[in-house]
Structure formats: structure tokens, C-alpha cells
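Take a look at these structures.
Two complexes, one shared chain (subunit A), two partners (subunit B, subunit C).
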Partner chain A sequence: MNDTILQVNNLEVSFFTHVGEVRAVRDVTFSVEKGEILGIVGESGSGKSTVLLAIMSLLQHPGKIKAGEILFENEDLAKKSNREMQHIRGRKISMIFQDPMSSLNPVFTVGNQIAETIITHEHVSRSEANKRVLELLELVRIPSAKTRINSYPHEFSGGMRQRAMIALALACSPQMLLADEPTTALDVTIQAQMMDLLRDIRKETNTTIILVTHDLGVVSEMCDRVQVMYGGRLMEEAACRDIFDKPGHPYTKGLLRSIPNVKKGSRERLKPIDGSPPDLITPFDGCPFAFRCPHTMNLCMDSCSREWEIGEMHRCACHLCNPEVKALLDERGNE
Partner chain B sequence: MTKYILKRCVSIIVTLFLVCTITFIMMKAVPGGPFTTEKNLPQNVLDALEAKYHLTDPLWKQYVDYVKGAATFDFGPSFKKDGVMVSDMLAQSFPVSAKLGLVALIIVILLGIPFGILAALKQNKLPDYLATIFATLGIAIPTFVLGTLILYVFGSRLGWIPTHGLDSWKCYIGPSISLAGFSLAYVLRLTRSSMLGVCGQDYIRTARAKGLPERTVIFKHALKNALIPVVTYIGPMTAGIMTGSFVTEKIFAIPGMGKFYVEAINNRDYTVIMGTTMFYAAIAAVMILAVDIAYACLDPRIKFQD
Partner chain C sequence: MEKQELLRVKGLKKYFPIKKGFGGHKVQYVKAVDNVNFHIYKGETFGLVGESGCGKSTTGRTLIRLYDVTEGEILFDGTDISRMKEKELLPYRKKMQMIFQDPYSSLDARMTVSDIIGEPLDIHGLASGKERKDRISELLENVGLKEEHANRYPHEFSGGQRQRVGIARALAVNPEFIICDEPISALDVSIQAQVVNMLEDIQNQYGITYLFIAHDLSMVRHISDRIGVMYLGNLVEIAESDELYENPLHPYTQALLSAIPNPYKDKNKTRIMLEGEVPSPIDPPKGCRFASRCKYAKDICRETEPVIKDMGNEHFCACHLYD
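Coming up: the complex of A and B.
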């Protein structure tokens, strides 16, 4: 380990819409180690999926990478042409999408769609590709793969389709797998199976996985490291256990408080975070969480905090973690 | 599959029988007959004519004779053109209309679909605007204006194309363009909107995420889905184009089926109306069947129910 596969530096992504520039991702910097499972959590519109699409250069008009670099194998993906990206997508980095129902083309067989990727990138014969497809379908545990290879997506259930999507993503043994809420559209039992599958795949192939989700349960089960995003900014990142045990950012704390406790007899009420997600169109340089945060200071309205080291591999972008601010607050508390 | 087609053929026969019956009833319901126009004929001549063409028979007998004839593709003689059989008229005029229609159909498909795709890919850019303007004009301008305009400008003023007949390939230019105009514009617009809809689908994003070259994404993954609604329109359109258009044939003086059809209605030429209607209905029914078969080839979600 300790071998960085992906380094994202100061990434800025905006959508230039009719009503104005929507700053979906702002100044995001992070790195991913080879073989780890990194979770990115955040609510809808926090920019987590946009980060993945930016890595793949799949942002749709009017979205654009405004600034920053995405270093993968020492090459900046943000500067690559579409043609150059075609050799990376599906071969070195592949992606699984949220809705397996609509992510497979309805007019081609599942086998055809997987084989197509292999043929495109590895220039093998169709029969060779089909052999590989069969192995892949078995790897993702699709029963009676031999007949299923010729099935159309509509003949598959939701879970099977997501398995097929995973097989598709793994077709060329990519170094990195981006999973954009892969279980959101599936029911709970299938979710668990999908997570087992992804974990096994990581174990067997040592594929790096970035898992975007809003499900903290999934994160706690799957991830080595977690990043929390809010309003297009990275709020906190830490090892998985630290996020749950000693969250640093008020937003992370709020997020954890809003998980229902299913312990027997627990009659505790959920504490949702007050307010609503930030408006990303109005220019605002303060902390995006300032309007909902219980600890907002004047400082928070003026600038977003840099990331402070608050533990081993644990960074938090909150002014409260600034030692100077902390000292000041302590002083005031003593008076 | 075979069973399905056979079943559909039976239903086509039933449809044609109904068309035949309704046409017969409507012809008889309209007052007047083939010999009541023009100058007044003496009563005995009229009687003799009606007797000759079996118009004095009881209605049910006329009907039965019609159906019997239609079943063997024999619609009897024309009432207005002495000694000309309806089936001969069809046999002469249909190939003319069909040849012209085929040229128009090729124009529609070869220009409409590619330019529709182009417009969709260059959405809100110059090619899209040009295509949209063209499509709007094509749909808004009626055939008689388009045909007359082509005839006047290119035929009579510039002398680039002949003004009538179908003797050389040049003769096909004017009428086929005027015949294709509306359908071309419609197919273009349909392809564009269908393509735009498909390109926003998740599976297109998946295709791109697989690292497929853009042309494979467009021409394999998007096009096959986008063609489904286009095929729906092209089927019945083919039936319409192949059987000729009265307006185009009249403007360019072409002895096709469309002209016969309208003239027959004006003349109350019962047998010709019957023949052309049945013929058109048969072609339309076959084209619709062809569309349904094409559907199943394009979209595996559509299955024939045997």
C-alpha cells in the first residue's frame, strides 16, 4: 500500500446553465491509494457523483472542469482529449452507475455489451471475448451464465443487471473502479449481496474502488477511508472507523446523528440537520455548511476553512479545528 | 414467427374485406351514379348502360359480385373508359407511381435519417438550425406549392429538368423531390428528436464509460434505439408514396395511380374506385406488417405472440 494511484488536486467543476454558473465541485483535493476502497459520502447535490464523472471525463454539457488536475499514473486526465480518454475508460478506469435498469442498452444482449468492451480494448476475436464474458459472468455470480450470456437486459432482474454492470466494468481488469451509488436502486438484500461481491472482487483482484454513496451503513461495512462532501467541497476525510468514532466536522456529526438507531427498545428521536442544502449558484466564499451549522461564527461566512490535520490521516475543513480559533474560543469560555 | 405472419395475413384479409364493404356502402350511399353527370342521356340509353354494367341488379347481388371479383383481383371494366379493365389500369399505372415513389423513398431515407442524426449531434449549432429550418419549411409548404415552384423555376425558367413525362432519369428529379418533400422533412425531424432523446439515456453514458469510440456509441448504441419511431412512420409513408400522389402526378403530367384514383372518384367510376381503394389498402396493410416485423428485429423487448 501507500502507493498513490489517483491524485486529484484543486478540482473545480461548474455547470454553466442559463441561470448562471453552478459550482458543483470546489477546490477538491484528495488522493486514492492502490487497492483501497475509498468512500465518498454526502447528500444529493454535494458534488460526489460529479467528481466521479469528472475523473472519467464524462461530464455532460454544460458541465466543465474549470480548474485543477486529476493525476492518474502521472498523467493529467483533465487535459486529455476525448480520444485519449477512450483508451482509459473501460480499460484502466471503469464505472458502475446508479440505476442498473437503464444503464444497459435494451436492444443488445448482455453478452454482446460486455464482449464489446473487451474487443474494443484488447482486439481479441469474438469467440475469445465470449469466453472471457462467460468467466466474468461467473465471477459476478450470475447463475447459468452460459444461457444468460445471450439474454437481453429486460430478461434480467435489477440485481442481475447490476451484476452484469459490474462484470462489464471488470471486463478489462481495470486498475480502478468507480461506483456511483451502485446499490441505491436495489432492495436491501440485493444491496448486501452487491457489497459482498465488490469486497470479494477487491480481495481477488486488488482493484481500487471509489464508492460514492449516501448510505453510511454501506460506508461502514465497505470502506477503508471515507471522505465527506458538502456543497461541492470536501469537509472531512479520515479512516473509516475514525469518521464514526470521532467525527471532526459539525456536518459529519449531524450526518451521524441522523442515522436511525435500530437497537431494540430505542425510542430516541432522529435529529435531522436543520435547513436545506446550499444554493450553488449564488457566489459564496464562506463555508457551505455555515447556514445550517450550530457553531457558525462570523469567520465561517467569510471564508471556508483549510483542511486541518486533527488525527492520523484525519483531516477536517472546519474553522473549529484551527488551533488558533480553538485557543481563542477556550479563552472566551474561561472568561 | 411464421405462425405470427400467417395469423397477420388472415387479419389482413379480414381488413380488406371490411374496406371493400365500407367502400361499397359509401359509393352507393352517395346520390348519383357514373352516368348522371355531363349531358342528360335519353332514358333508354341510360337503362341500357345500367343493365350492361349490372347496375340494375339488386344491391346484395352487386355486392356479392364485387366481393367475388375483388377476391380474384378482377374489378371488372371501367364505367367511363370503354373496354378498359380496372386491373389493366392498375397494372399500367402502379409501376409508374411505384418507380417514382421508390426514388422519393430513397431520397427520404438517405437524406432524412443522416441529416436528422447530424442535427441531433450538433444540437443548437449551425447544422441543427439549418436542418430545423429546412424541416419546418418542408412540413409547412404544401405539395402543390413545392411542385409548382420546382416546375416553374427549374423546369420552365432555368430549363434544367423536363416539365413532364418520365422518359429520362432527369424527369424523376422534379416529381420525386416534390413527392418526398413533406416526408423528408418529417423523417428528419423525427430522427433528430428521437436521437436527442436516446442520447440522454443512461445506457449511452455507459457506452461512453466503456471507452467505445464515439462513432460506435452513436451508430451502434444510439441509432438502433432511435430508429424505432422512425420505422413506425416510414412503413405507412411508403404505402402512401408508392401509390402515387394526385397533386404531384397532376403537376408533372405523370400517368400514375394517384391521378386515376381522384379522377375515378370525381367520375363516380365505381369499379375504378373499388379497385384503387382495395389496392391501396392491401399495400398499406402489407407495409404495416413489414413495420411490425422490423420492430421485432430492432427491439428484442417486442415479441411475437404465437
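Coming up: the complex of A and C.
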């Protein structure tokens, strides 16, 4: 039996901007099992990165956690002070960002930056730390790590920088790794190398990984479980295969239809989702997808559906999955 | 029906000088595009794929003469435009247009949409007064925007809508040929499909020829009739799109295609992992440029550069394996 490493309950995050409150994350509840790779997919503005930042307590002003709990090892991270979080960040939970160039310091060598993390958190000597750095660079498969340890970030290529970032994140053997679009800035062949690396690291160190991405292909190759977010809400959650084989939510279905299938006969016309992503400033209690959904009912405009169990470990927040609504619709269909 | 050539590129080279030292005398060159040959038929979509730094965008920009050609010929409808002066080039500028990747920086933030779309009309003297206004409304409608959008500024639009404005601007002069330089990379997945469908509709309606530059390989296959694969300034393979994806010949193409993460992938196909990184284009390796990462590399690959050859069935490949 797996155990839960992270439990997020009813998380609400808002940005209080001068034009009004932007409700970036609304009533999000999920859990992460030890050792799994959980994917969170969604388009820009869906709130997927905000969830990660909230877990790390890295939300910048004017962003704030309005409500909810983030339970990690039975402690609520949302209530921790910045000081307490410093002991958790980097040591227990660490994060990889999308752009490796801007997240590494250009004036320190890569080895130096990784060693700094180790010394800060574990209070070991310089030489001890350097030994660890070498091991880490080898773990992330940087060729000739011994000489590369003294290189500056600008001397690395994009793929190597992302490897260095991963080494930095793994420096204190965290239990959980949050990866925010780790492969988006990379070329496909380098992306393939990186996905391989993350999978190997999970196998070797049993680190739990939350992977945030907009690329459904990456999700399908990496993740055990997937969550789909839209307009700040969780729309669907299922085992990776089920999302692709039997999607339940109209948004997930639309998303899958709008990517071309690399198979024979792929020249058929794409079926895009009409309309554009929701505006999160205007208060709206209905389903965020209601304006673009082909099945919108009056109900969808009034309230967002709760999550319905539609299969094993498969939850979907859509009124169409409500057995009562289904029965009603069937009745009407028969009339 | 006989396919007509619209564009033929012969031995195209584009080198960017890097000056070094005091006074900038020590000159080296970044060989961004090095001896590229291909042709595009009228009315088709030619896809150009490759990883960042392979020279695909430079090729596009050189074709439209945003960059000066270092060497080689660009035959547009049989006329060589590679050495033309600005004045002679003007009529060709009307025939060739470009859509850029970044819908944010490619539109002037201080111009209204009607100014942006109207500018090419003014430059080429195509319409004025009421005619100009009607033409702008017509163009907006063509790309799925409304007439009332004309007086707004780019910041009032979403990314997908801005890209539509960019497309309307390209269409303004009734071009025969449009270079789409990663037109959908900056857009969300659900919006990408909208824009791709629109590009296809426009092509069907006006018979425009596209050069579609992208790194999203599944989208390229969807939209293109033929595809060219670039690696480090060289064109390594050209084929019809289904042929290329079913039967890739060049080892680089094989690796590139197998690296596409795809939810509906054939589980029996294993991924070909490429080791290492792309060499620097400043001093590219002698012989085949892919040799340092190719698992089939032989001695000849490190010595002589392979030439692109017809393998039959409109399939061209530059690799010593097929000598």
C-alpha cells in the first residue's frame, strides 16, 4: 500500500491586483503518493504553476493563499513562516523551473552553486560538499563532470543547464521534486534525454515528482497519474492511460481532439475548442469551461460540479457525470 | 496535373560574421545555413523542421531577403531575387509575406489594428479611403475577427487573436507565398488547432503556398505536403510528409521522429536516444555534420560531406549509408 506524501485540501489562491482579485486556483483538492510521478496539465492561466508555487510558499506579492491546507508529512505548509519554510525548501521539497538560464546565477560556477545548497542545509565541510556535487553531476549524466564542476552556466548548453538545475534540486536528496515545465524550453531530442533522466532518478532514489506541463505527449510518457486543470479548477483526475483512452470531461476530450495524431491519415481536419480561455477576474461561480463547452446546460452556468467518481481512481468534475443529471437527460432523450 | 515550381533554392548559404579582438579584425563565421537546396511547388505547404540553431528560421528569413544572401540563388517564379536591390525587390515583397512566431513583439504596440493591417496597403499603394477601410474589415473577417476590433491596440487581444492580426497583415497584399515562422509555438494547445485550421482554410480559398517552419513535429506532419529536415545548417532529408514519417532514411530524422512524445505511440517502436549535443556552427565538423552523434558513422562520414541525392519517390536524403 502506498502512503500519501502530500495532501492538498480546498486550496484557494488569489492575486489581488489593482484591477481586482484574480482567482488563480479555486477549491483544488488532491493527494500525491510516495514515489509516484503526478502530472498536472493545463493551458496558460489554468493555475497549474500557481499550485506548485503555493506548495513551496513562493507566491509573490500580490498572490496569497486565501484558504485551504497543504499537508506535507502531517504539517500544514500554508501556515508555516518563511523561516520554517527555508528548512523545507531545497531539503525536503525542491523545484525545477522552466528556464534554466535565468534560474542559475551567472557569476558563480555550477559546482559552487550546488555546493552552497548542500553546505547551507547540511552544514558539511567544503570538500565533503564538493564530493557530493561530483556524485550529483554524475547522477544527472553530465559528461566529464570533474572538469565541468568548475564551469559557469553560460558555458553549458541548454540541456546541460537543465541537468545542472536538476542536480541542484536533488542536492539534499529531497523527498519530493516539483518540476514546472522542465522540458518546454528544450529541443525534442534533448527533451527525450531529460524525460529519461527524470524517470531514472525516480527509479534510483524513489523521489516523488509533480510534473507541470502543457504537453500531453510528455505527460503520456512520464506520469503515473494525471490531473487536468482549467480556469483555476481541477477538471479531471485519472491514471495516465485512462486520460487518453477514456477521457470523461468535455475539456479533456476537446484537448485531445485538438492535437494531431501522429498516425496514418493524420491529415484530417483538427477539431479545435472554440472560444478563448476564461477571464479569471470576473466573478463566476459556474464551470469555467461552460462558455466553450458543447454540452453546456443552465446548471453549468450556476454552479461548478463536484467531482464524481467515474471509474477506478478516475474523478471528473462535470455535471454530466452526475448520475441524477444523467438520468434526467436520458428521460428527456426518450421523450 | 503537372506540379509547378514556385520557388527553387540553389546552394543557399548564409554566414554571420563574428568579429573578435580590438577593432574587430579577427573574423570567424557562424555558418547558419550552409549549402541548402530545395524547391517548393505552387499551392503546397512545405514544412521545415529541425532543432533550435539548425538554421530553419535563418533559411526562411534569407528567402524573403530579410537577410542578405552570402552565396547561392533564390529563384522565385524563375527569377533570381538573391541579388536584387531594394527597389527591384518591392514587387516581390508583395508576393512573399511572413508570419512571425511571437505575436507580442511582432506587432507595434502603438499602432491600432487597422494601422497594422493598413500599413502594407499603403506601402504598396493598394487601397485608400473607403476602399482601404473595407479591405481591412474584409481581412479581419477572413481571420475570424470582427470589424469593431479595427480600432483597438494589440495589448487588448489574447495571444491567439494577435496571431490572427499578424496573419491578416500578411494577407493584406494578396501574397502568393507566405513564410510561417513557428506561427503556433507561442499559443496554447486549444488555440493552436484554431489557427492551423484557419491557415488551411486560407490556403484553400486563395491558393497560397506556405513554407511552414516549426519544431512541433506532429503539427508539421499534419499541415505539410512535403517536409525538409535540417541539421546544423544542412538540409539532410526531404520527402512527402507521410513518406518521411513512415520511412525516414537519414539517421537524424529517425532519431528526431522517435523522440516525439506521443500519447498514441506504437508501443513496439523503441526510442533512438541521441547522445551528446549539436556541435557549434562556428566551426562545424568536417564531413557529415551529424557524424559525431550518429551510430552508423563510418570513416567516410568524417571525411567527406554527403550530397543530397534522390532516393526515388520524391525522397531526397544526404547520407553516406545510401551510397
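Here is the rule we go by: the second predicted complex is superposed on the first by the 332 of 335 C-alpha atoms of A that agree within 3 Å, B and C clash if a C-alpha of one lies under 4 Å from a C-alpha of the other, contacts with A are read in each partner's own complex, and residues count from 1 in each chain.
FYI, a residue touches a chain if its C-beta (ideal position, glycine included) is under 8 Å from a C-beta of that chain, and two chains touch if they have at least 3 such contacts.
Worth saying up front: this structure is predicted, and the values here are computed from it rather than measured.
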Clash-or-fit label for the pair subunit B, subunit C on subunit A: fit
First (subunit B), second (subunit C), both or neither touched by A:Y152: first
Partner chain(s) touched by A:L177 [first = subunit B, second = subunit C, both, neither]: neither
Contacts of A:S220 with subunit B and subunit C, given as first, second, both or neither: second
Partner chain(s) touched by A:K271 [first = subunit B, second = subunit C, both, neither]: second
Partner chain(s) touched by A:L168 [first = subunit B, second = subunit C, both, neither]: first
Chain touching more of subunit A, residue-wise (subunit B, subunit C): C
Subunit B versus subunit C as contact partner of A:G90, first or second or both or neither: first
From subunit A, separation angle of subunit B and subunit C (C-alpha centres, steps of 10 degrees): 70
Which superposed partner A:V107 touches (first subunit B, second subunit C, both, neither): first
Smallest separation in angstrom, by C-alpha atoms, between subunit B and subunit C in the superposition: 6
Where subunit A meets both subunit C and subunit B, residue numbers: none
Footprint of subunit C on subunit A - complex, ascending: 43-44, 143, 157-160, 187-193, 195-196, 214-221, 244, 254-256, 258-264, 266-267, 269-274, 276-277
In the complex, subunit C residues that touch subunit A: 51-52, 158, 160-161, 188-194, 196-197, 200, 215, 217-219, 221-222, 242, 245-246, 255-256, 258-265, 271, 273-274, 276-278
For the subunit A and subunit B complex, residues of the former touching the latter: 56, 58, 60, 82, 85-91, 94-95, 97, 99, 102-109, 116-117, 120-121, 152, 154, 165, 168, 171
List of subunit B residues in touch with subunit A within their complex: 201-203, 205-214, 216, 221, 224-225, 298-301
